[in-house]
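Here come two complexes built around subunit A, the first alongside subunit B, the second alongside subunit C.
Let's look at the complex of A and B:
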């Protein structure tokens, strides 16, 4: 079913101390969909994304995975079972981080095989074979035995994408995947992501790359001050936004 | 037992080397105890239950403030007094190892702080459990930072091992006291002991530097 919801967050709120960072967000991610989240810094988009794989625990809200309730917050349940549920969820929901998050003590190949071997229980040889194929897909097969420290930022992020793909996830979350890169390396990462998108991967992408959002996204979500300002197809959002703020935010981005 | 009446330097050296062997035994043993017990202390200090954390903190504070000799008496004579007889070498290993473990657990704690939360999150995002994150990511990343202080603690233990003489362990200080008592060769014996210690510790500090270089990853 093409429009089957994979991830669904309802009524998400998140407070850090006294600051409410996300104030009531509903988000549905359907199979095969590419959702781009735009908005100024501090708008709550990264926090929202991190709540989708429970790296950040919601203060309140409900999270569903394939229609099944993963958790409801504020939760009265024991923390142990909640931690187990989060761990199970993350097998199917991979993440690519702004600062790559590669493991410096492991080679590129071992970074990619770690999850399959230790989480999916795949045998090492099979995992290594698949990892090589994935590194080939991101154009880095010849760097398989290198440590992250010897790779460029763009190469590291491509390894991180291969690592996320190795889990065979239902959806990959991208948290500003190009924001920490030198400008000349943004392109190589975006083109890998475009390739992944055209292969049908379900993706949620927090980004400042409006051009990428315009061309790749099925749906664009614009956030500000912890709420969704506007949501729609790229054409809706970029050509005929209903909110004046949306226009201002997007214009600021295009100029930046 | 060799006769000391003619105070032959070679004989003296032989006796000191025999003592050195026992010193090594005590220091290696107590180092292993400290490395393992320190890890256990660390685990208890991170336990999800507050009383466990409090108990661990209390024990560590006591161990860190207690003179090693006092704990050694406690283990050897104290336990001996209630019918638990432990041989002097093992007593020394336990006493030195446990007091050192108080410090070692601090070393581990500092090591934990060197691994960023981003690394833990990256592990969690792959679906690893908290113990897997520790074993596969945190531990290997902190080891390079642990090597110098842990080797340092070993060097310290080779010196602290001299207190084992207090319960009759024939380590290097015990041997030299015996030799001095019989020959009055204070200067010769002291110089030999110093030379032995230097010969022993210099390669260790070199090893520490080399390991640090090898294990370090440029970030």
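Let's look at the complex of A and C:
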């Protein structure tokens, strides 16, 4: 079922103290879809993304995974059972971070095998074999025994992508995966992501790379001030946006 | 003072030294265990546990070790006699409970120095809180905790001399007894001073070496001043920030 919704968030609101960062966002991610989220800094894109795997707990809203309710907030439930549900969800929803989040005390290979061994219960040999195959896919097989400190930013992010893929997730969330990279390393990471996209992986990508969004996304979501300004195909958003603000935001991005 | 005189005290002093070392070893192990417990309780997700632990730490840190020792030995002496707890163990408990509050705070600071993104990355892989601590956070916090731990052993070795006041026959106590028969306080106290020194100096060098070694083993960055072999012992530093500013001062 190609249109089957994998993740669905309804009525998401998130407040930090008195600041409301996300004010009523609905988002559906369907199987195989590539959703790119654009918008100025502080528009709530990253917070929305982090609510999709419950790294950040929504203040209010409902989250569905494959049509099943994962949680409803504000929640009166005990924190333990909610934590367990969130933990189960995260086995299927991987994440790639702006600053890579590699574990510095582990080799590239061990970074990739940690989840499969300790979360999926895979035996070490099988996990290592699969990890090598994934590192080969991101072009880093020869760096398997290296620690993150000895890798470049682009290489670290590619290891982080391999680590996310190793969980065999239903969807991968990318939080500004190229924003912390030197310009010459952005290309290698984007090309891995494009390859992943063409393999049919479901992806939600918070990014400032408008060109990438234009070419890879099935759907572009433009956010500002905690709400979705406009949502549509790249052609709709980039060629004939209905909102003047969308055009301004995208123009600012292209120039920057 | 003749050589034969020195020879005649030596067995007595060495016997005292042995008790000091035993006291230090046992108290250090207990301190390490208590401190680890305190650090983990202090970062518990459950607020009541955090509050109780914080209160305990604050209370414990506000009591001078000597006062605690005297209170436990003399104040609680009746009950301790009932339990059959000898002076040696009274000293061990007082020292380790008192020190654990400090070292536990150092460990907590070491754990909290690991960035939120490491928690996020581990959590997003589906690891539980316990797995995240054991597999990701603690292994990275350990190197930062090692020099303060060895420094604490040095501190405990020095604090063990306080046990002389509650009748434990450790180095300071036996030397005081020797002085009262030989009337040679300077010679005897200088001898035991040299003994303490011979133990503490190598320990602080060992602390620095161990930090570099562990960092290398874990593939972490080696602090440049440590890599060049310059030794900056931070004796008596009781928390990471104090340790860091002390080190900054020496570096400047």
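Operating definition for what follows: the second predicted complex is superposed on the first by the 256 of 256 C-alpha atoms of A that agree within 3 Å, B and C clash if a C-alpha of one lies under 4 Å from a C-alpha of the other, contacts with A are read in each partner's own complex, and residues count from 1 in each chain.
In the analysis below, a residue touches a chain if its C-beta (ideal position, glycine included) is under 8 Å from a C-beta of that chain, and two chains touch if they have at least 3 such contacts.
Since the model is a prediction, treat every value here as computed from it, not as a measurement.
*Asks:* Quick one: on subunit A, after the overlay, do subunit B and subunit C clash, or do they fit? Just give me the call.
*Replies:* On the shared subunit A, the partners clash.
*Asks:* For A:115 in the superposed arrangement: first (subunit B), second (subunit C), both or neither?
*Replies:* both
*Asks:* Name the contact category of A:147: first (subunit B only), second (subunit C only), both, or neither.
*Replies:* After superposition on chain A, A:147 lies in contact with both partners, subunit B and subunit C.
*Asks:* Would you sort A:87 into first (subunit B), second (subunit C), both or neither based on which partner it touches?
*Replies:* In the superposition, A:87 contacts both subunit B and subunit C.
*Asks:* Could you look at A:107 and tell me whether it touches subunit B, subunit C, both or neither (first, second, both, neither)?
*Replies:* Only subunit C is touched by A:107; subunit B is not.
*Asks:* Which parts of subunit A are in contact with subunit B and also with subunit C?
*Replies:* After superposing on chain A, subunit A residues 53, 55, 79, 83, 87-88, 90-91, 94-95, 97, 99, 101-105, 114-115, 118-119, 147, 149, 163, 167 contact both subunit B and subunit C.
*Asks:* Show which residues of subunit A lie in contact with subunit C when the two form their complex.
*Replies:* Listed in rising order, the residues are 53, 55, 79, 83, 87-88, 90-91, 93-95, 97, 99, 101-107, 114-115, 118-119, 147, 149, 163, 167.
*Asks:* With touch defined as at the start, can you tell me which subunit C residues reach subunit A in the complex?
*Replies:* Interface residues on subunit C, with respect to subunit A: 45, 117-118, 120-129, 131, 135-136, 139-140, 218-221.
*Asks:* Quick one: which bits of subunit B touch subunit A in the complex? Just the residue numbers, please.
*Replies:* Listed in rising order, the residues of subunit B that touch subunit A are 48, 118-119, 121-130, 132, 136-137, 140-141, 217-219.
*Asks:* In the complex, go through subunit A and note every residue touching subunit B.
*Replies:* Checking each residue of subunit A against subunit B gives 53, 55, 79, 83, 86-88, 90-91, 94-95, 97, 99, 101-105, 114-115, 118-119, 147, 149, 163, 167.
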